[in-house]
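Shared chain: chain A. Partners: chain B in the first complex, chain C in the second.
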Partner chain A sequence: MKKSIKYKDIFSSYLFVLPAIILFLVFSLYPIFKVVELSFFEWDGISKFTKFVGFKNFIDVLFSNKIWWKSVLNAFYITLIALTIQNGVALFLAFCCDKDIRGAKAYRVIFYLPPVLSGIVVGLIWNWIYDGSYGFLNHMLTVLGLGQYSRAWLADPKTALMAVALIHIWKGFGWGFIILLAGLQGISRDYYESAKIDGASSFQIFKNITIPLMIPIFFLVSILTILGTMQIYDLIISTTQGGPGYHTEVPITRILTTMTGTSRFGYACAMSLVFGAILLILSIFQLKVSKKIER
Partner chain B sequence: MKKNFFNIFVLFCFLCICFGCNENKTNTNKIVIWHWMTDRDDAFIELANKYKNLTGVDVSFELYAPSEAYSSKVKAAAQTNTLPDVFSILGAKRDLASFINAGHVANLTSYMEENNNEWKDQFIPTSIEINEFKEGNPFDVEPGIYGVSIDFSSIQFLYNKTMFRNAGLDPENPPRTWNEFIDANKKLRAKGYQGIVGGFGEIWFLDCLTTIYAYNILGEEKFISTVKGETPYTDPDWVKVLSLFEELSKNNCFATGTISMINKTSEQTFANEKAAINYNGSWAVNVYSGMNPTLEYGVMAPPVYNSKRPMYVWGGNGSSFMVNEKSKHKEEVIKFLKWFTAVEQQNFLTDVTKNIPSNKNSLEYVDGVLKDFAKTSDNFITSWKYNIFEYPSVLEVLDKGIQSIIIGEKTPISVLQEVEQVKQKEMENF
Partner chain C sequence: MLKNLYIYRYRTINFLKTFFSQIILILVSISCIFPLVWMFSAALKTQQTVFTDMSLFPKHPVWNNFVVAWTKANFGVYFFNSLFYTVVVVFGVIFIGSLAAFAFSRFKFPLRNFFYILFMATMMIPIPGSFISLYILLTKLNLINTRIGYILPQINGGLAMTIFMLKTFFDKMPKDLENAAKIDGCNKFRIYLHVALPLAKQAIAVMVIFTALGVWNEYLLAMLVLSSKTLMPLQRGLMVFQGSHMTEYPLLMAGITITIFPIVTIYLLMQKYIIKGVMAGAVKE
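Take a look at the complex of A and B:
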């Protein structure tokens, strides 16, 4: 009797999780398996026939495709800018808002607005700001007497990538801001008060209390920044389309171009897996470093 | 009791998941057409209603936009055998070939040719050629006509007549030769106007421009031999083709930032009279009537560089409908498409959507700027028209290289050397 109840319980428990398992298998595991499988084939995305090519796609992506690696480097460049400037700005603003300044709640809303806007819309707005002839930025430079620095910011190979990176920072700092602010507000005020009573300066408090307690949050923000920025796509499409030349190409635009532009699905899948591996290695490395520092 | 209720509930959810995604039972008498043309959807629906009143046959136009989403949907439907009765294919002709080879597109030749080519003869020849595969095509497609063209587009230079007049140019006689074109641009610059604007960030625009001048400078035979891999891209004539972009750039003919512009931005620039010349398609007529109805502009065919060879115009590849080979309503679909492409319906579409009709008898109905676009229809060229196709990777390196030439980063010969390298690699691979 007891045994049958036990089996019944186990059965109903599995029945409860079954829908979730089915969804996971169908929408997560199967696509991953399919991507891995396709990466060993040449396939145009429509035809019933595929041609097995072994590791050829991977070898080509890893050792012969210079444009691919340039796009990866471009993504790293934007990520580096995002990690430093974007998160620096986010931390500074979070720190200010944590100090109960006037209108802190309004600032929180304002800073969080850019991340919720569509990347395409943001790109189109910044197209106008960066426009070489009638853009707001060039207009401001001329008004300030710096007209000699005017240029087509998105069409100049010297500035295009940085220009896109700055849009990304503007659009993305709100995420970091909210997480960092939540982290700052999670630190007990007792620590600060005790430190003040002991005569610690603001800088000492920041260095010896805020920073150490915020380390897990910093790592969370940096992981999210790296993963989010490396996968930048919509801003590129709505501003430069990867141009001029290949100056603003990023991995996702390359994967998409290969998949839809040249109908090489297998090759695009190999690119995706290589890119996924890069992101995985970066994340593992970060986690290890964070654990070491926490210890 | 409570536990039993939960178990039944979980089982119910499970069954819903398992069977909820079953194929929809569709109205068996309904013709379903998928398309991506947001600007034409209302007109299509109006025609469908009219057809239902006439024949009792229900036609449902289903719009899926934007075009990228539509393209993905059609490919996914092809893989799962759930394509509708009629659909459009976006992309290159090789994509159409893949759909045909996978058994998704019906060969319409017999319908086109019945009653002494009655249906076929009503189309302008280019509209047929773009959907036709000839004997010996590189995709091994069985020769035949695989689509019904509903309109076609042409890409030419549009120019602002007011700006031309102000710069001392005759707006009724735009430049016809390359040198006149350069001079006109210089005059526009001298007046403080920007010259050519185009969506050159979308590199296929550069591809169109390059191809027409390659045909003009190299001639058809040499162009085809380059695509076949018999003439290298480093040939002096190809250097001449790419040098045209260098010349335009050195003479300050391009509007600032045009090489990374999406076409929508270039259209806004031209519509707001911030640039005097726009390289754009015939669809722009509809766009500009919305953006700036008072814009005074004309159309000029690409200026001739080499007067000894014909100067083609990029065009012919508009919108086409393909019939699903596995459609249960093939005969009804054909009847509908014949009605849909007849003069009356084509005139209606031209009126409402301002696109050039594919029915040659409707061309007389076209007026204004659209008529100028259609004027050169005998001289159209498009990659869909011919049975030769360059590798997409080669075209990408060529077009991206042209962007680099325009910004002064590379020279024509260095770009062509890179293009040739990619070409050789692709030829080895395939």
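Take a look at the complex of A and C:
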């Protein structure tokens, strides 16, 4: 009798979690295992025929796929710019707003507007601004007498990657700003007051109070920036599609092209596992650095 | 005298700091808003004037662009698809997620921790290529190019975060409330529905907003799963339009305006909660 009540209880508890667990097993867990499995095969995605090739896909991705590594380097480049310029701008603006400045609330609302838009929308709007013949940027350059510098920003191999990175900054800095500002405002004003009474200069206060207290937040922002930017794709798809040549290819667009363009599903899986490993190494590296500095 | 001089100097420096801060903040604000204004302005020009008329607001605004985009360029269909997907996915995520979160928080059953940790692990570890096998799976299940094939993975995608947020909330719910309801003869489901859910209203509202933003802006899955124009959401529709009408900027910009209008409106109405949500999420982590 008691036992049957217990089983009934377990059964009814499982009814609560069952929908979530079923969805999770089918759409999260199974795909993960399938990616690992497929990465050892050659498969075009349609035919019943699959060929086991061992580590061949991985070896090819790692050692002889130059375009792949170019795409990884491109993502690194955009990430580096996001880490330095985007987060630098975000931090600077957060400092500006931290001093109970007039209109701080309005600035917060405005700066977070680009981050709520999709990468597709942002990319298409900037496509138009960067347009080679009729874009606003070239128009402004001409008005300012700098017409000789005008170009098709997204189609010129020299500027394409930088132009994309700038769009990414425009879209992303507001997010860093919000988080950094929250961190700054979390620092108790008493610290500042007592430091001032002790005669500390504003630079000393900045160096000895603000920076040390903000370090955990800096690391949070930078790890999220790294993971987010390395996996950038919709901004690329809506602006350059990886071109000109392979100048703005990033890992996700490479994986997509390998999968839907050339139908090499196994190879695409190997690529994504290599990319996952790169992300994991980056995260661990970042974690180690942050622990060292916090000490 | 000297003291006065110091105060004077201090005030001047402070004034200059505020002054320059304001100028920079205003300039950055303009750079945030300008591209959107420029988009809207192009949406009001004709195919001929859009390349020559550099005014911010054209003398003869062509409001008809929106009508053409809505009907002929199919954005009306895309809009209702987006709306449908957003409502269904948000409902699914909140319902299934809150049920699971309540059970993880309140009940004891075998493998409870195992499943909870599994959920959290997939949230933490990025698996950039799982969309490949998701595509294969949906093909096998005959769900490619169907609404349900686009909806189910997205419900799953929102679950981990919702379960995490709501479980932390339910963990704080006083045990007495639950016991009182039990004595009144409530079964588990009724405790969940009548006690737990109403208490979690605010936390749920935050999850609704963020899930909705995510679904409205989703692109990758839509690209892989949906190929019929009748099923596509706005983001996918925009790319399809751009692919076949490369230079029809006025209509494209009208389409983008239609796409972002609901997002921007909801953002401006809910900005307090959205920004608070972003801040809280970050500082807690």
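FYI, the second predicted complex is superposed on the first by the 268 of 295 C-alpha atoms of A that agree within 3 Å, B and C clash if a C-alpha of one lies under 4 Å from a C-alpha of the other, contacts with A are read in each partner's own complex, and residues count from 1 in each chain.
Here is the rule we go by: contacts are C-beta pairs under 8 Å (C-beta built on N, C-alpha and C of every residue); 3 or more make two chains touch, one makes a residue touch a chain.
Just so it is clear, the structure is predicted and the values come from calculations on it, not from any experiment.
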item: Overlay on chain A: chain C relative to chain B, clash or fit; value: clash
item: First (chain B), second (chain C), both or neither touched by A:212; value: neither
item: Partner chain in contact with A:147 - chain B first, chain C second, else both or neither; value: neither
item: Partner chain in contact with A:260 - chain B first, chain C second, else both or neither; value: both
item: Which superposed partner A:88 touches (first chain B, second chain C, both, neither); value: neither
item: Touching partner for A:45 - first (chain B), second (chain C), both, neither; value: both
item: Residue contacts with chain A in the superposition, chain B compared against chain C; value: C
item: Chain C clash site on chain B (candidates 260-268, 296-304 or 422-430); value: 260-268
item: Shared contact residues on chain A - chain B and chain C; value: 12, 16, 19, 23, 45, 124, 133-134, 238, 260
item: Parts of chain B lying in touch with chain A, wherever the complex brings them together; value: 3, 6-7, 10-11, 13-14, 17-18, 68, 71, 75, 78-79, 91, 94-95, 98-99, 101-104, 194, 201-203, 255-262, 264-265, 274, 391-393, 396, 400-401, 403-404, 406-407, 409-410
item: Chain A-touching residues of chain C, taken from the complex the two chains share; value: 17-18, 21-22, 24-25, 28-29, 31-33, 35-36, 38-39, 42, 50-51, 54, 96-97, 99-100, 102-104, 107-110, 115, 118-119, 122, 125-137, 152-153, 155-157, 159, 163, 187-188, 192, 213, 216-220, 223-224, 235, 238-239, 242, 249, 252-253, 256, 259-260, 263-264, 267-268, 271, 274-275, 278-279, 282-283, 285
item: Touching residues on chain A, where the partner in the complex is chain C; value: 9-10, 12-14, 16-17, 19-21, 23-24, 26-32, 34-35, 38, 45, 89, 92-93, 96-97, 99, 101-103, 106-114, 116-121, 124-126, 128-129, 133-134, 136, 139, 170, 174-175, 178-179, 181-183, 186, 217, 220-221, 227, 231, 233-234, 237-238, 251-252, 255, 259-260, 265, 268-269, 271-273, 275-276, 279-280
item: Interface residues, chain A side, partner chain B - complex; value: 12, 15-16, 18-19, 22-23, 44-48, 124, 127, 130-134, 152-157, 160, 238-241, 243-246, 257, 260-263
